[in-house]
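Everything on this sheet refers to the single structure shown next.
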Amino acid sequence: MMSLIEKDYIVVAQNASGRNMHVPVYRIRGNRPGPKVYIQSSIHGAEVQGNVVIYHLLQRLKSLAVCGEIVLVPNCNPVGTNIKAGEYTLGRFDPVNGTNWNRGYYYDENAVHAFADTVSPHTSDAEIRTRFRAFWAQAIADKLASPWGLGLAQQLNLKLQQLAVDADYVLDLHNGPVSTRHIYIPEYARDSAKLFNIPHCIFIPNVFAGALDEATFCPWWTLQDALSKKFSREIKLGVEAFTLEMGSQEVIDFAEGDVDATSILSYLTAKGAIQDTHIRPAQMIRRGVALKNYKTLYTQWGGMVEYLARPGEQISAGEPLARVLNIDELDNDRGSEVVPAPCDLIPILHFPSASVLSGTQLYKVFTEYFTITTDTE
Amino acid sequence: MMSLIEKDYIVVAQNASGRNMHVPVYRIRGNRPGPKVYIQSSIHGAEVQGNVVIYHLLQRLKSLAVCGEIVLVPNCNPVGTNIKAGEYTLGRFDPVNGTNWNRGYYYDENAVHAFADTVSPHTSDAEIRTRFRAFWAQAIADKLASPWGLGLAQQLNLKLQQLAVDADYVLDLHNGPVSTRHIYIPEYARDSAKLFNIPHCIFIPNVFAGALDEATFCPWWTLQDALSKKFSREIKLGVEAFTLEMGSQEVIDFAEGDVDATSILSYLTAKGAIQDTHIRPAQMIRRGVALKNYKTLYTQWGGMVEYLARPGEQISAGEPLARVLNIDELDNDRGSEVVPAPCDLIPILHFPSASVLSGTQLYKVFTEYFTITTDTE
Amino acid sequence: MMSLIEKDYIVVAQNASGRNMHVPVYRIRGNRPGPKVYIQSSIHGAEVQGNVVIYHLLQRLKSLAVCGEIVLVPNCNPVGTNIKAGEYTLGRFDPVNGTNWNRGYYYDENAVHAFADTVSPHTSDAEIRTRFRAFWAQAIADKLASPWGLGLAQQLNLKLQQLAVDADYVLDLHNGPVSTRHIYIPEYARDSAKLFNIPHCIFIPNVFAGALDEATFCPWWTLQDALSKKFSREIKLGVEAFTLEMGSQEVIDFAEGDVDATSILSYLTAKGAIQDTHIRPAQMIRRGVALKNYKTLYTQWGGMVEYLARPGEQISAGEPLARVLNIDELDNDRGSEVVPAPCDLIPILHFPSASVLSGTQLYKVFTEYFTITTDTE
Amino acid sequence: MMSLIEKDYIVVAQNASGRNMHVPVYRIRGNRPGPKVYIQSSIHGAEVQGNVVIYHLLQRLKSLAVCGEIVLVPNCNPVGTNIKAGEYTLGRFDPVNGTNWNRGYYYDENAVHAFADTVSPHTSDAEIRTRFRAFWAQAIADKLASPWGLGLAQQLNLKLQQLAVDADYVLDLHNGPVSTRHIYIPEYARDSAKLFNIPHCIFIPNVFAGALDEATFCPWWTLQDALSKKFSREIKLGVEAFTLEMGSQEVIDFAEGDVDATSILSYLTAKGAIQDTHIRPAQMIRRGVALKNYKTLYTQWGGMVEYLARPGEQISAGEPLARVLNIDELDNDRGSEVVPAPCDLIPILHFPSASVLSGTQLYKVFTEYFTITTDTE
C-alpha cells in the first residue's frame, strides 16, 4: 500500500522585490475515514530540525495506512528562514519590528462564548465540531480581510491557521536554543504526554499568548468548558494541539529526525490517524512540570559563560550551572565565578552564545517536576 | 537667578564585556515647593531628537524659577542607542529577542484595587498620593528583586520607572519613523492637549500595553476611578503622563529642539513647575483623534515606494498616498501604481524605507479627526 | 515608432529555502546598428532610485529610435534588496560575512597583457574589440566555473558582468547615504563628464578595487595603453563605464527619476545609442575633483550629530559642518560642539544617522575641486 | 616565585553615547631579561575561547619565571564583542559597513625597503631590530594621526598594533565557526609548528591581507629578505607571529582552555620567554598544508544542511561531507542529497548554521596535506 503525496503551495507574503513567497503544503489523503492532522515546522526560521522530521514522516507515511488526512507544512516561514545576520538565521522575530513570528494567530474568547450561546442541548458533538469549525474559519477569514490590512507576521500566521483550522490534531515543530527535547501539552490533554517519546513535558493552562498551539486548543477548551457548564455534563470535543521542541536550533540531524518521526507516528497511531502500525509509545522516563514551575533564570551580570549543566541532566540545588569569565578581573579571584543552581532542577535549554548581557535567559529549567506514570494497560 | 543642575548616573545594565552601562540623570531642585517632573528621552535608541530637547530644557531652566523638582534623563537606553545594523540604529527592540524597549514597565490593575480598598473616606488627597507612591514604589522594587531575575528590557524599564514613580508629570520623548510631531494624551487629561504646541493629539483610554506613559497614568487613573466610585465623589489626583513624538527618528535638529523645549516649558508653566515665565501655549490649530481612529495602513504587497503624502497634510479620500514601483512589470502598465487614501485622513508618519514587504506599516493616519477648540481666555 | 521591450530573467542565487532568486533583464534591440549599452541598478539593496531611473528610461525608450542594443537590469541584487535589519535595508554587504556586494567583479591585469601580446599591428580596432570581448567573456566563465565554487557576492557579480561584458557603455546606478548626485568617471573618458547632467564629477585612475565600473574600464584602459605603447600610436577602443550616484539611499522619487533619465538619454544620444532626440546636455555648472582629493572625514569621537552642511553646498574652511550633542555634558559648555570644515570643500554625502561612533564616515567631500569648462560648440 | 600582574586600560573607541570603550591590558614583567611577547584575543567578537586561554595563562604565569615581558590583551574589541543580532554575536565585521575587524593593521612594503636602504653592513642585528621597531612605531603613529581620521576598525587595529610593535612573539587568538584547532604559520618560521600542540598547521607566504599576524611578520620577513640579499648573508631577526584558531566560536570551555594554555607555554618556554618549566611540546601527529591547498568549498545551491564530516577527521574522496534537505522536494528522490568530498581532505571547519544560501563557505579543508615530522631530540 502506498499513500499518495500531493504537493501544493500557498503564498504567504511578498518581498521587497515584489516577488511572492511560497510555503509548500504536502497532503496525504487516506483511503479510510479518520481524523485530520496538521503538522508544521520552522515558523521560527532557525528552528530547522522539524523540517527533517517532516521529511521522515513523509517517507514513512508513504507506506502506512493513513486514515483521514494528514497535512504537513515544512519551512512554513519563508521570510524568517531567509534573514541572515552574520552566519546565523535571525528567525525568531520580524527583523523590521521585532514581532515574534509565533504570536499573531487568531483567538477571541468572547467569540467562543457567543458561539456557545447558540448551541442547543440536543446538538451532537459532531455537529458542534462542524459548526464551530465553520464559525472559526469565518472569523479568521474576516480578520485576514481587515480593511486596513495586517502586519506581516499576523498575515503569515493567519494563512497557516486557515490550513489548521479544521484539524483534530495540530503539531507545531520548534527548537530551543541549545535544548533537550520537550513538549508543551494543554492540561486537558495531559494523557497524551505518554503517547509521544519526549522526556520533558510542560503542562499549560487555558491561556492565549498568540502561538499556534494555544490558538488551536484555547477555543476548543473554552468551548468544551462552556458547554459542559451550560449542559451540566462533561463534553470532550477531542481536538488537541502541541508545540514540540525537537532539540537545538541551527542544526539538523537526519538520524535523530527519524527517531522524532517515530515519536509522532506513535501519537498518530494512538489517535487513529494511521492504522496497522506496530508503533507504540516507548517505555521511558517522562518528566512533567506545571508551566508556572518552568522557570527562566536571567543573568544579573554580563560576561562570557561556559554552560556546565547539560540540558536534560538532573541538577541538585547548589551544583554548578555555569562558569563566568570576567574579562576585567583576570588578575584576581573574580576572574572566574560559578553560578550555582538555585534549587533542584532540570535544565531544558540554555542560551546559545557564550557572550551574555545582563537580563539574558541563561537557562530555562524544570523545578518542582514530577515523573509521569504510565499505567499498565 | 540660576538653577543648579545636579548630575548623577544610574547603572541599568552590564554588557558582554562585563562593563556597567550608565544613564545620566540631570536634576534641578527648585527653591520653591512645587510638583515633581520627570522627562526622559531615547528609550528607543534611534529616536534621538528628545535628547536635544532635554539639552535646550537644561539651558533654559538654568535661568528659570523652578518650583519643586525636575528630573531629566536623556539617552535613557544605552543598549538600544549602541546597536548598529548597517548605518542605522537598531534601537526599537532588544536585538537578542525582539522585545520592544518600551513594553516592560510595571502595572498591575489588581494591586491598584487592593490599595483602593485600604483607603478610608476621610483620607486627604495628599495623603492618598503619598501612600500610593510608597505602595507603588515598593511594588516596583519587589518586581526588580524577582528571585529568578528579569529580562534586560524589563530591568531597564523598571530602573527608569523608579526615577519616575513619585513624579506628578511624566514626559516620555520619542520619535516616529518619518513623522510629524504628535502626542499621546490620556483621555482624563485631555485639557492638557492645549498646553503643548503639538498639532496632532491622540486621546487614549485607560489600557496598559507596557509603555511608560501608560505605566504612569493607568494606576492613577484606575485609582481615581475606584475611589470616586467608592466615595461617590469625583477625585482627581493630578498625575499626568504623555508620550511626545518629536518628529522623525535618526535625525537631530537643534533649532527645532528649541521650539520643542518651548512647548514643554509652556506645559510646565501651566502646571506650576516653573514660575514667572511669559511662556504661554501657542495659538495654533490642534487636531485630535480617538486612539481607535488612529489607523495603521498595512501593505498587501511588496515593492519600492515613493511616499507622496507628507506627514501633517490633510488628504481627501482617493488622493494619492504613495506610488509603488513593481520591478518585474516595468514593460507594462503595472510598472508603477498609485495607492489612494481609503478615506479622508491626515498622515502622521510613514515607513522610513522605500523598500517594503507585504504587511508593512506604510502609514499611520488620523481618521475621523476633529479640531481641538481653545477657549478664549 | 515603438521600440519593443523584451523581458527575461536570470538566476543569480538560491536562498536557504532552496528557491531560485531572479534578476529581471529588460532588453531593447534597435532597428539600426549601434553600440551596446548596459545599465544596472541596486547592486546595493538600499540604493533604489536607479530602479526608478530605469523605469523612466524604459518608458521613454519605447518611443525613441534605439541603435544597437540597450540592456537594463533593475534590482540586480535580490539578496541585498531583501535583507531588513530594523526598518532599513541592510543592502551594502552580505549579512553573512560583510562582503561588499560591489567588490567581486572580475579583473586580471596580467590577462590583459597576455592578450595584448597576441595582437598584431595590422589588427583593426573592431577586430581587437571582438577578440578581446570573447577572451574576457571566457575568463569570466572560467572563473564562475571554479571547481571549489565562489562566494555569493562574487557569483552574483560575475553573472551580472556576463551581461555587461560585450557592452560599449556601462552605467552602474547607485546612491549615497544622504547625498547629492555625483558620478565616477575614468580619467581617459573625462570628456564624458559634460554629457551627463550631474553636477559633481570624480575622476578616477586605472585602479581596480572590485566594482563594476572598474571591472569594465580597467581592462579596456589597460589594453588601450598597452597597445598604444606597443604600436606607438594612440589607440582608443571606445568602451566607457561609470558609477552614477543618484542622490540618497532608502528613497525613491519619480519626478527626480525622470530628470535622471534625461541625463542618461543625453549621454546615450551623444554616443549614438539613440537617434533623432533633441536631448542635449544641460547648461549647468559641473565641478570636478581628482579621486585623491575626494576626502572622507572620519569622526574621532562618538555622539549625536546634526548635519549642518548640506550635500552640494560650497563650504569655506572653518564654517560649521556639524553640531554634536554630548549626552554626558549637558550641564556644561561641552554639551554641544561644532565641527568646522578643515578646508574649503563641497560636502557630497554624509552619514545617514544622527548616532555615530568614533571612526564614522561623517562626510565625504570635494577638496581642491575645479569647475569643468564646457567648450562652446 | 610569583610574577606580578599589572593591569591597565587603553581607550580604543567611543560609542554613540560618547562613552569611551576600553581594552584591558595585562602585563607581566619578568625579573630576568628576555623577549617581549604579545598575546591578544577576541578581535572577532564571537571568538571567545582565547579569553579563557589568557585567563589560564595569567593563572599559570603567576608562578612561573618570566623572562622579558608578556603582554596579554583579552577581549581586545569591545565594539565587536557587544553587537548582538539575535542571540549570537555579530562579531566578525563592523555592523555599519561590513569591515572585517582583522583587516586594518598597518603594513607598507615600500617603507620596509626604504628602511633597508638605510642599514649599513656593519649594523648589528640587535641594532637593526631596535631601529626598525622605532621606525615602524613612528609609521603607525603617523597613520593614526591622519588629518582626516580613520575608520573605526582601522583605529582599533592600529591602537592594538602599537602594543604589539616591539614584541618578538605575537599570538593572535581566534576561533573558527565550528572548528578544530589550527594555526597559521609564516613559512620562514615553520619549525615553530612543532612547538605548539596544535594538530593542523597552515603555512602561509609573505603576503599581507590586513591581519595582525601578517602585519607583524610581513615587515620583518621582508626586511630579513632585503638585508640578506643586500649583504649576501642570511639574516634572521627572530620575530614570529601566528594566528591560533582555538576551536569553535560562541563557546568557551575552561578545561580545554587550560590545555590550550599549556600549548602556548610550551612555545614560550622554547623561545626563552619563561624558564625552569617542564613544559615541552606534546608528542602528537601534526598535519601541515600550504595555504594554496587550504581550500574553501562553496555551495552552489541553497538549503538545509547536516554536516556529516567532523572537523579534524580524515575524509577520502567521495565520502559524504554533508546531507542537504530540499524543502520543496520532500515527495521525491531529491528530498535529501549527499555532498561528497571532491578529493581526499581533512575538514578544518564548517559553517555554523544548517541554513545556507548558494555561495556559502560550507567547509574549509586541508587538501594535499602532509605530516609534520618531529626530529628525535
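The chains carry the letters A, B, C and D, assigned in the order they are written, with residues numbered from 1 in each.
In the analysis below, a contact is a pair of C-beta atoms (placed from the backbone, for glycine too) under 8 Å apart; a residue touches a chain by one contact, two chains touch by 3 or more.
Here's who's who by UniProt: A, B, C, D = Succinylglutamate desuccinylase/aspartoacylase family protein.
For clarity, every value in this text was computed on a predicted model and none was experimentally measured.
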Farthest-lying chain, centroid of Cα atoms versus that of chain A: C
Of A-D and B-D, whichever chain pair has more C-beta contact pairs: A-D
Cα-centroid distance, chain A relative to chain B, in whole angstrom: 36
Rounded Å distance, chain A centre to chain D centre (Cα mean): 42
Centre distance in Å when chain B and chain D are each reduced to the mean of their C-alpha atoms: 48
Sequence positions of chain C contacting 2 or more other chains: 15-17, 19, 75, 81-82, 84-87, 89, 92, 96-97, 304, 327-328, 355, 357
Residues of chain A touching chain C in the complex: 15-17, 19, 22, 75, 78, 81-87, 89, 95-97
In the complex with chain B, residue positions of chain A that touch it: 13-19, 79, 85, 92-94, 96-100, 147-156, 295-304, 326-329, 342, 355-361
Residues of chain B touching chain C in the complex: 5, 7, 24, 26, 45-46, 48, 51-52, 54-55, 58-59, 72, 74-75, 81-82, 84-92, 177, 250-254, 304-306, 323, 325, 327-328, 330-331, 335-336, 351-355, 357
